Amino acid sequence: MQKRFFLQAVALAAVSLTVTGAMAQDNTFKIGLILPMTGQQATTGRQIEAAARLYMAQHGDTVAGKKIQLIVKDDTSLPDATRRLAQELVVNDKVNVLAGFGITPSAMATAPIATQSKTPMVVMAAATSSITQASPYVVRTSFTLPQASVALADWAPKNGIKKVVTLVSDYGPGLDAEKYFKERLTFNGGQVTESLRVPLRGPDFAPFLQKVRDAKPDALFVFVPSGAGAAVMKQFAERGLDKAGIKLIGTGDVTDDDQLADMGDVALGVVTSHHYSAAHPSALNKKFVEEFTKANKGLRPNFMAVGGYDGMRVIYEALKISKGQGGGDALLAGMKGQIFESPRGKMFIDAQTRDVVQDIYLRKVEKKDGQLYNVEFDVIKDVKDPGKAK
Amino acid sequence: MSTTLNDAATVLSAQGMVMRFGGITATNNVTLNIKKGARHALIGPNGAGKTTLINLLTGVLTPTEGRITLEGEDITRLAPNQRVRRGMVRTFQINQLFDSLTPLQTLALVVSQHHGLGLKWWQPLGRNKQVAERCEQLLAQFHLTEVMNQPTRVLAYGKRRLLEIAIALACEPRVLLLDEPVAGVPAGEREELLQTVAALPADVSILLIEHDMDLVFSFANFMTVLVNGTLLTEGTPEQIANDPQVKAVYLGHGEEAGAAGPPQGANAPSGDSAAHEVASSGGKFNG
Amino acid sequence: MLTLLFDGIAYGMLLFILAVGLAVTMGLMNFINLAHGAFAMAGGYITVLLMQRFGVPFLVCLPLAFLGSALLGAVLERTLYRPLYHKPHLDQVLFSIGLVFMAVAGVDYFIGSTQQIIQLPEWLKGRTELGSDGWMLGMGHYRLFIVAVCAALTVALQYLLTRTRFGSQLRASVDDQRVAAGMGINVNIVFLSTFAVGSGLAGLGGALGAEVLGLDPSFPLKFMVYFLIVVAVGGTSSITGPLLAALLLGIADVAGKYYIPKLGAFIVYSLMIAILIWRPQGLFVRKGGK
Amino acid sequence: MTMGVQSSLLKDSRFKAWEPVLWLLAFAAPALSPSHALIINEIAIVALFAVSLDLILGYTGIVSLGHAAFFGLGGYVAALFAKLVMPDPLVGLAVGMLAATLLGALASFTVMRGSDLTRLMVTLGVGLILLELANKLDWLTGGADGLQGVVMGPLLGRFEFDLNGQTAAYYSLTVLLLLFLLLRRVVHSPFGATLMAIRDNRLRAMAIGIPVNARLAASYTLAAAVAGAAGALMTQTTGFASLDLFEFHRSADVMLILVIGGTGWLYGGVAGAIVFKLMQDAISSITPQYWTFWIGLFLVVLVLVGRERLLRPWTWFKRPSGGGKA
């Protein structure tokens, strides 16, 4: 019986080998969008895909005489899967650009492919500083954690926050945030009394927050991947840290627009620094938020979405500049140095580092017409990624 | 490892065996000596602790007290497989077979293991000529040749029972412990089965546990009677047959002897069943 | 100090309620149901949806979550699970993992993959603190609530198992199905109701836990390991076993994170391995138990 | 008639006609359909991983949810070796296997006692601990960001690992074939038979003189070595190693794959890998968001209908033929 089963399997294999053969037409311009669409990072994928599709809907799908084709792949945030998919997209589907990349390892694993195949690789989410150094073909349109955390470290001391405990998720971005926040804060005369790292899959924050409470700092600086933010704030309040006079500050991931609406009053007054808020007061952003929400049954765009949106913008413009001629390098050249207004505000792609340079806003969570928003009250202009300085 | 005080002819000697399960004492200070070449029968009513004693001798259980020597060597703390290597092999009251293998494979593997080929991984099972011949001989001897390529799990109970014994003999034991070997075997085949066993070389010592008195008396040349976990008496079949005590405690139970065969369903393919046997023989005991 | 202990207990209690159903189904039906977490998730989502879409108060949601998932459990037991009781363990694993996949994708499709957030009633949000700093005991009201509910449930369960006719039937069936059936116990009914109650408890746990553990479609996969740890360490022959195991796990986890955060998850796993090597049948199993 | 006995004994170990055909197909595939070289590479690796699990699960009866421990260790060691010592793939492979073997020998003591569930959890725990370890040793392993800068040298000093994955595919296929043949020989040997004896009935295995624990240890270690090889192939052909090599779901997936293909039959691992991976690839390219649902549905149906009957639809409405061979 197993023999029969086995031959069946082989047959199935043969069939699907012939079925899924990819053929590339010349006048199409293919964007391979690799994202975590399932598993714990799924939201990232959804936001970015939605934003990308929105951009195409708004700006048409023909650029420089080429038909834009978006190929979405799910890497289940497994780096080796990301890499394989990228490789297949490059080799089989002959994509012109790789884009997406939800988590740092995925981006890191794929970078060599970009280099080897001279395919530009637009990072729309992953935020560890070092990614852009992994390959000369990496261009980032999201943000880096040093950017966000440094801005906060500048603001804090001016506002009577001297003693801070940091609490970050124990992986690349978290460590970045911890490192640069600490450096800048000490530079500004503040001090980090304790640095806590929570395991990525640690379900309960209680013990850590208890530790914070016992340490009695002026403020708690938090970075956790979007999603976990809500839990932190609730338990922060439940543990009475706010009553104990401890402020909660963090990068914008904590008050992710994606969920802010459901977080409830515990989030009120939380001060974060980030590059994008759905409440950013600009015509462009209003339009963006409106149409995004409309297109996705009420889902509010978050910083991931804007990363995807601007990523598409960068690709479109680069294609225009290169007139669809000359492969990856021409495209890359077109991406470098782009300056434009994004829903997040003014931003540009640094020609040297290929990393995003943008304004970082300080925001406080407030109620606007019944809903919670990150309302920007201060801005630090043109923040380069401090990670590149060293 | 001092040689025992008993005369050299004693092959297997268990002294002062005591086995307790929690409250109940399943075996209470039993001493058993099996002489070289003996056809020794161990009888006693259900729950007398016979199987427990076997489990103690073979190392499935380690005694609470007492000492076991095999050909003078103390084996009280040896693992079952080590005792087997020293020539003591047992069969089980409830079949313990390798259900997904065929009788042929089973015997081939037992024989190979016995010939010290158990670690050979580069040549196929049965490539070795002696192994193949021995298997063939055993299959023929136990009438398993025609079913040798069927998976054991589909065999009729009688065949499974034969295989149970065949496995033990494949280990070429010097001391063989038979735990109700013919239980559940159709009457016709019983005699034959026991004859095969009895026909073993004279220097092989056999300890037989059996309910069926006719078989026991036709087979044994020495008998030990166990009651309530204690040794009641020992002697030649004649002595036992005429012993009033035995008549009193034992023959009362005689009728149930024939029916001692477990249902086929009871063939647990896992090691638990030994524990079951133990537990039951211990449990029935005070009930 | 005391606060930690308290948090650990609350966490453990939660794990217990989530996992006890699994323990019983494993012990009773000898069925490895990796989909157990899916029922917990069902309870969680029932609560969230009722509260968000229909503004049902939290306290009302809890029993509904229990009933909902219990019903779900009952239906599935009757239709899908029953035929598999006599299949090999591996097929059961395959099957229940398949269910989990479907549940995860399904929830994702209908509700979305974002973390769901529950708005607790005010009176559950506060916090009470006793004693002075050295021996200070701070209790979040919600955690207090969890402990109370779970403790009540545990007592109820214990009563159900030891004092009621159903309980004795259940225990009989656990010990030996054949015999139980022989004694005229309708094993099918026992199985069905047990499975339903187990799923219901999981659902309730999911509802209670959404606040503490978070709730998203990957819930069943994320916590499967924790459930299994509880069952393996606690053993499947009683409910006190899993209870103690869960408490141990909860306290060890919390304390570990507080005192040696560097070691992360090491503590829990090493502890588990040590225990299982020391007592392969589980820490709190009477000798000769399952 | 000795020949009768002997030949029917040797029947199983003899090659069936379809086996060489199958392998020829496998080796032809990357050439016939270059666009699938990458997925073929991945399938080969997963197949090897699954086959190694089959040795302990299918033949020795040890349930393990921590097999990724060896996969991951082999992978990391091979990757680190390439990065820090020398880039030659074959040497790296050997080193990776060695490391996994040692770990296997060490861990084998944890699987000698207890019930299936206990073993399940202990193996799982070992895997998770290694995961934590790799995470904490970030100075060496790159922690959660993964290990970068792994550059593989050309295979045999001749064949570069190309972008199309041809070299990778043939590399993995060859290693798979060699180790498969090795295991095939092992399971049909007297040694293999003693493993099956232990699987079927531990008590009796002991009662015929098989040193059960030693055998368990031996097979567990061997399986670990092969799993390590699979891990090494993975990191060598992707030039990257990250924590998820150790993840629980790796162990779970490989078990699914094996059980889909059928345990206790080395080809089960291969079959499962082909079916599962191709299905995942096909479905997830159609619906990247919800493919897991369909995989799940497939598993449920597979179990409810039964492996054999699933492939013979006309038998669906007759009486069940009683369970898959799992």
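When the chains are written out, they are named A, B, C and D in that same order, and each has its own residue count from 1.
Methods note: contacts are C-beta pairs under 8 Å (C-beta built on N, C-alpha and C of every residue); 3 or more make two chains touch, one makes a residue touch a chain.
Everything quoted here is computed from the prediction, not taken from an experiment.
Ranked by how far their CA centres sit from the centre of chain A, the chains are topped by B. The pair with more inter-chain C-beta contacts, choosing from A-D and A-C, is A-D. Averaging Cα coordinates per chain places chain A and chain C 35 Å apart.
In whole angstrom, the spacing between the mean C-alpha positions of chain C and chain D is 32.
Here the spacing of chain B and chain D, counted between their Cα centres, is 41 Å. Of all residues in chain D, those that touch two or more other chains are 135, 289-292. Residue positions of chain A with contacts to 2 or more other chains are 38, 42, 46, 170.
Residues of chain B in contact with at least two other chains: none.
In the complex of the two chains, the chain D residues touching chain A come out as 16, 18, 22, 25, 29, 32-33, 35-36, 38-39, 42, 135, 143-146, 148, 163-165, 234, 238-240, 242-244, 261-262, 265, 267-268, 270-271, 274-275, 278, 281-282, 284-285, 288-292, 307-308, 311, 325. Of all residues in chain B, those touching chain D in their complex are 58, 60, 79-81, 84-85, 89-90, 92, 96-101, 104-106, 108-110, 112-114, 117-127, 129, 132-133, 135-136, 139, 148-149, 167-168, 170-171, 269-271, 273-274. Considering their complex, residues 3-4, 7, 11, 52, 104-105, 108, 112-117, 119, 125, 127, 129, 138, 140, 142-143, 211-214, 216-218, 222-223, 226, 253-258, 261-262, 264-265 of chain C touch chain A.
Only residues 1-10, 12-14, 16-22, 35, 37-38, 42, 45-46, 72-74, 78-80, 83-84, 87-88, 90-92, 104-105, 108-109, 111-113, 116-117, 128, 130, 134, 170-172, 175, 200 of chain A touch chain D when the two sit together in their complex. For chain D in complex with chain C, the touching residues are 57, 63, 110, 113-118, 120-122, 124-126, 128-129, 132, 135-136, 248-249, 252, 255-256, 259-260, 263, 289-293, 295-300, 302-304, 323-324, 326.
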